[in-house]
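Two complexes follow with subunit A in common, the first pairing it with subunit B and the second with subunit C.
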Partner chain A sequence: MQENKFAAAFKQNAIWLVFIVEVAIFAYFNPKFLSLANIVNISRQVSYYGIASIGMTFVILIAGIDLSIGSIIALVNVVCAYLMMNMGWNMWLAILVSILMAILIGVLNGWMVASIGIPAIIATFASQTIFRGCAYLLSGGLPIPGVVLEHPTFGFFARWSLNRWEIFKSMGEVGLIPICAIIMILCFAVGSFILNKSYFGRYFYAIGGNEEASELSGIRVNKMKYLIYALSGFFAGLAGIVLLSRSGSAQSTAAIGFEFEVITCVVLGGVSVAGGIGRMSGVIAGVLIIGSLKSGMIMMNVSEYTQMVVQGLVLAVAVGVDCFSKKRQAS
Partner chain B sequence: MAEDYVLELEHIRKEYPGVVALKDVTLQLRRGEILGLIGENGAGKSTLIKCCSGAVIPTSGKIKINGKEFDRMSPQLAAENGIAIIYQEFNNVGELSAAENMFLGRPILKKNGIVIDRKAMEEEAAKAFAQLNIKIDPRALVKNLSVGYQQMVEIAKAIQQNAQVLIMDEPSAPLTTNEVESMFKVVELLKSRGVSIIYISHRLEEIFRLSDRIEVIRDGEYVDTLITDKDPATIPHQVDELIKLMVGREMTQKYPPRKPCVRDDVVLELQHVFGNGDEDISFQVHAGEVLGLGGLVGAGRTEIAQVIFGARPKDSGKIIFMGKEINPHATRAAIDEGIALLPEDRKRHGALLTNSIKNNISMPIYERISKATVIDSKTEHATAEKYREDIQIKCPSIHQLVKNLSGGNQQKVILAKWLAANSKLIIFDEPTRGIDVGAKFEIYKLINDLVEDGVAVLMISSEMEELIGMSDRIIVLAEGKMMGELQKDEFNADTILTYASGIVPENKKEAV
Partner chain C sequence: MYEISGELTPYYEELDPVKRLEILSTLHDDAAPFLRELYDGRYSDHEGKGRQNVDWWLWRCLCLQGLYSRGGFFRRFRDRETAAILRELRMNDNDEQHRTFLYHEYRNTAGRYLSTCRSSGYASRFMGFRQASDDEKVMKACEDIWQMSGGIARVSGMGEKMSLWVEAFRDELYGYDDICREEYERLSREE
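Here is the complex of A and B:
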């Protein structure tokens, strides 16, 4: 019994072992990989995936999928920049409005999936196309560029950048704590809280396990679906703001294919695509593995094309392991 | 003198892990006869015919076709030897035409051997339909045909494949009265052409109309074979005899004793409820009472339970619960009123298998035991531990996943969930299906405890003994309608089965 428990704990946390091995390999080939500057850099990069992965975790937990988050990010970028640059809105107001918009897109996804009954993969694929199109329309396909310091409202960003915090600047360039990483950590805390401490988490696991039985246990399954897609929209919107703060330029072509990278992180983190199984800590590991994989490959001068091949393989292996272990359990 | 048997099943036995579905069944089908096969739900009829088709491989026993012996069947062998089965669920592809369905998997090809010869297929199909005296356009899409015609397509397909033996499993169940009549005509036509037919039905009057002999099986065992006497005068007597053979043994004491606890206050009252396939259902359930709902599978019992539980809407009528009219549009609303349902299919609709015992038990009350969405985990634990103790859920810990529990313990977890939700009316749909004998007794004791505490219980059961042994009163449904109500002193398997097959006995006719 005791041994079983140990084996179970090991299995649950095996993903962290993968992360450690991966870091060790990169550090062996390139000592700079573990430098503070690189760690800060990685944390800045992964924050954008990490934040979006929380919503995706919820969606995949109920055996759904959200392919629209890349487009939500692009639209949030364009709308937020447009409101500030072209309309002269206050920064916070623009952020608020664009995140609200992201939530509304999530609600729309929820409506299509829960009330209309469109399969999630098609419904969110439709909104992916629709809102990418909206981003192109609003921006005319052109970037809203390099405005960070010149524009008075964006000037505020420079001091309160989500990318780094002015207060820590005195500590020197490497001492910067990326504020986007802090946001990510907060988001993971909120995500864990929802999943483990609030009743919503219990409902999500129940729905992912068996929708019909959940409804017959008194869970309002459709309402939960609305909530989950709205949350996915919210976290994607927040990730979009983080991206905008880093790039300082809103691109309607931003985050193309982003949803697949996030799905890779989530599935790698042990969330079953069949629904009902997964833990937030696993997803954090998944995000870190993908983030350091990207960074490590860049440092080792692996070409972008090869990176794509590697990422695709990682996704296939991650899902393969999940499905294989299910198959073995079944027989 | 050797009889001319086209199909013989000898001492067929089929074991599943932990269950013996067929103990010892022998069946002999003569050439050109119609053999009625009857037995209660779960007697093993379906398993038996699946042995003929090769869908189920018997543990032991022999199958002989035209005197040739087979240890086992495979679907191919069965087809090659002229055995065809018309299942309750048809095997048609709705999006294809009648002709295409008839030649599914063995199309007629043009001379080049690649392209399907649609015309030839349609001609062949038309011929087959003409043989059966039925008018179906071979080009019509099957999904656009009525259920009766869909069945005809299956029969025509079997005949087109030169079936010598046609096995029909409850063929009349999905049909309207007119469709049943035309199906009978086809069956009789086939018999006159020398096809042998095994006809399975719960409706005894059909068996009498069609069959030459009737075989009864019970609990996976062969009981008897009778020669059908078509003299109308003797039929009531024969019906009695068959029902006795089907129900069999004397009722033994399998049910824990219960103190008289039926109270006067009405917990649930249905007034002329229509909807979800049911028509004009009215009854009352009192506090402390077990009301049994009898009838055949598909009689509309589960459907009325779904309506009461808010899982399906009703069309009209009133549901009065605890003295006030309710109209639950969602299960949540019904649960909040104090109504609970333990569904028939535990694994699909009842338990959340991939969740822990603790989560399952608290699922309906999470919102109540949470403050600002945060679960009070102490209450959550205490609730689960309380019911684990109270109703003795056997498990190493409340964190155990429900899928790792036995059927009886899963049922207890589902019950615990509804006890935690403070239910005042608990509907059990086949409470002990798939549960072994020991656990059954425990479930019965729990039901007794419930009613002794003043909970009202509505129990759907297809097991005659259970229905009679547990109920204070029994209502029997057939085809969505109420056929009759029996008080405790009137309980009698014969009467219940008669009601369930849709017949109102002579002496009761005025009363209903």
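Here is the complex of A and C:
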């Protein structure tokens, strides 16, 4: 019995072991990998796909998918920058409107999936194309530079991304942790709370596990799908704002292929593509693994093309392991 | 064990709450008031949202299944929630006659869950693009039933209190498909 408990605990936390081994390997080949500056850098890099992965976790838990998040990020980037730079809007208002727009795109996805009945992969792929096009239309395909998301009492975003060493000077209040990483941690805390302690979390698992039984037991499945896709839109929008704060320039080409990185993080973290199974702690590990992998490969001078190959392989292996374990159970 | 009069058999075989209510209203058995109490507890509008025929016990099955996979940091929360559900599902009722009716009500709940396990979307893969085969659906149903009965009883350490629930779910599953007995026993050995 004790052995079984140990085996179960090991199985549940094996993803963290993978992370530790990965870090050890990179640290062995390049001792600078574990330097404070690099750790801070990784935390900043992973922050925006960490935030987006929370919404994607909810979507995959109900056996759905959201391929539109990369385009949402690009559009949020462009719209926020456009409102601030071309129309002279207040920063907070521009952020609010951009995020509301992201939520609306999520609702549109939910409507296509739940009410029209379009398979999630097709509906969100259509959204991806539509809203990427909107981003190009609005920006004319050109970047909108000089965006500074800053506030006297909350002056965090772009200033720190201009010079990575500046964090040591200007972040006395929060130590060495970049604000974007703090936002990610807060989002993960909220996501974890939703999944583990709220009724909504139970609804997500129930719908992913057995949609018909969920319906019979009183869950308004369609309404929940709207909510979940809206949440995915919200987190993608927030990730877009974080990305804009880091880059200081809005690009309609931002976050191309980003959804696959996020899906890799989520699936690698143990969220089943069949729905109904997954934990937020696993997703955090998935995000850290992908972040470390990217950083480690850059430090080892691995070419960008090879990095793409490796990331694709990681996604294939993660989904393959999930499918294989399901197949083994069924045989 | 858990034998009931022939008059009650159609009531317990029926899965639709509306039809069950019709049958219940025609019953002249002494147990009818208790059955009505159970019926109201199971199908009433607990959330006060004006929704009729919501199967509250089925929802509790899904909750128990969700709680099964909680561990680590959320273990205490899981055990507290499980205990609350046990009270709600009257698993602490020790009256011999009541337990007989509860056993059949639990089996009916399991039966209703299993009736959803034949649907086209159940156990499908890749966002519904690949439908599961019949065998895959049966295996998934076994796993689900295990998690919401024997599994949660084991991980929460409440096997004794949940014995009637576990027994009812297991018996209903064994009648679902030929391979269920073997699969359920495998799951209970493995976990």
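Methods note: the second predicted complex is superposed on the first by the 302 of 331 C-alpha atoms of A that agree within 3 Å, B and C clash if a C-alpha of one lies under 4 Å from a C-alpha of the other, contacts with A are read in each partner's own complex, and residues count from 1 in each chain.
Methods note: a residue touches a chain if its C-beta (ideal position, glycine included) is under 8 Å from a C-beta of that chain, and two chains touch if they have at least 3 such contacts.
Computed from a prediction, not measured in an experiment: that's the story for all the values here.
Engineer: Could you check whether subunit B and subunit C clash or fit when both are placed on subunit A?
Structural biologist: clash
Engineer: Touch test for A:Y205: subunit B only (first), subunit C only (second), both, or neither?
Structural biologist: both
Engineer: After superposition on the shared chain, which partner residues are touched by A:V273: those of subunit B (first), subunit C (second), both, or neither?
Structural biologist: Only subunit C; A:V273 stays clear of subunit B.
Engineer: Is A:A213 in contact with subunit B, with subunit C, with both, or with neither (first, second, both, neither)?
Structural biologist: both
Engineer: Between subunit B (first) and subunit C (second), which does A:C323 come into contact with in this model arrangement: first, second, both, or neither?
Structural biologist: Touch partner of A:C323: subunit C, not subunit B.
Engineer: Is A:K197 in contact with subunit B, with subunit C, with both, or with neither (first, second, both, neither)?
Structural biologist: A:K197 sits against subunit B and subunit C alike.
Engineer: For A:P143 in the superposed arrangement: first (subunit B), second (subunit C), both or neither?
Structural biologist: Touch partners of A:P143: none, neither subunit B nor subunit C.
Engineer: Comparing subunit C with subunit B, which touches more residues belonging to subunit A?
Structural biologist: C
Engineer: Can A:I121 be said to touch subunit B (first), subunit C (second), both, or neither?
Structural biologist: second
Engineer: Given 59-67, 149-157, 203-211 or 455-463, which one is the stretch of subunit B whose C-alpha atoms run into subunit C?
Structural biologist: Stretch 455-463 of subunit B has C-alpha atoms clashing with subunit C.
Engineer: With the touch criterion stated at the top, can you tell me which subunit A residues are shared between the subunit B interface and the subunit C interface?
Structural biologist: 197, 202, 205-206, 209-210, 212-214, 216-219, 277
Engineer: Looking at the complex, which residues from subunit A come into contact with subunit C?
Structural biologist: 4, 8-9, 12, 63-65, 119-121, 196-197, 201-202, 205-206, 209-214, 216-219, 273-274, 277, 279, 281, 323, 326, 329-330
Engineer: Given the complex with subunit A, which residues does subunit B contribute to the contact?
Structural biologist: So the residues of subunit B in touch with subunit A come to 309, 311, 330-332, 335-336, 341, 343, 348-355, 359-360, 362-364, 366-367, 370, 373-375, 377, 417, 421.
Engineer: Which residues of subunit A touch subunit B once you look at their complex with the stated criterion?
Structural biologist: It is residues 197-200, 202-203, 205-206, 208-210, 212-220, 276-277 of subunit A that touch subunit B.
Engineer: What residues on subunit C touch subunit A, complex-wise?
Structural biologist: 47, 51, 54-56, 58-59, 61-63, 65-66, 69-74, 77, 112-113, 116-117, 119, 121-129, 135-136, 139-140, 143-144, 191
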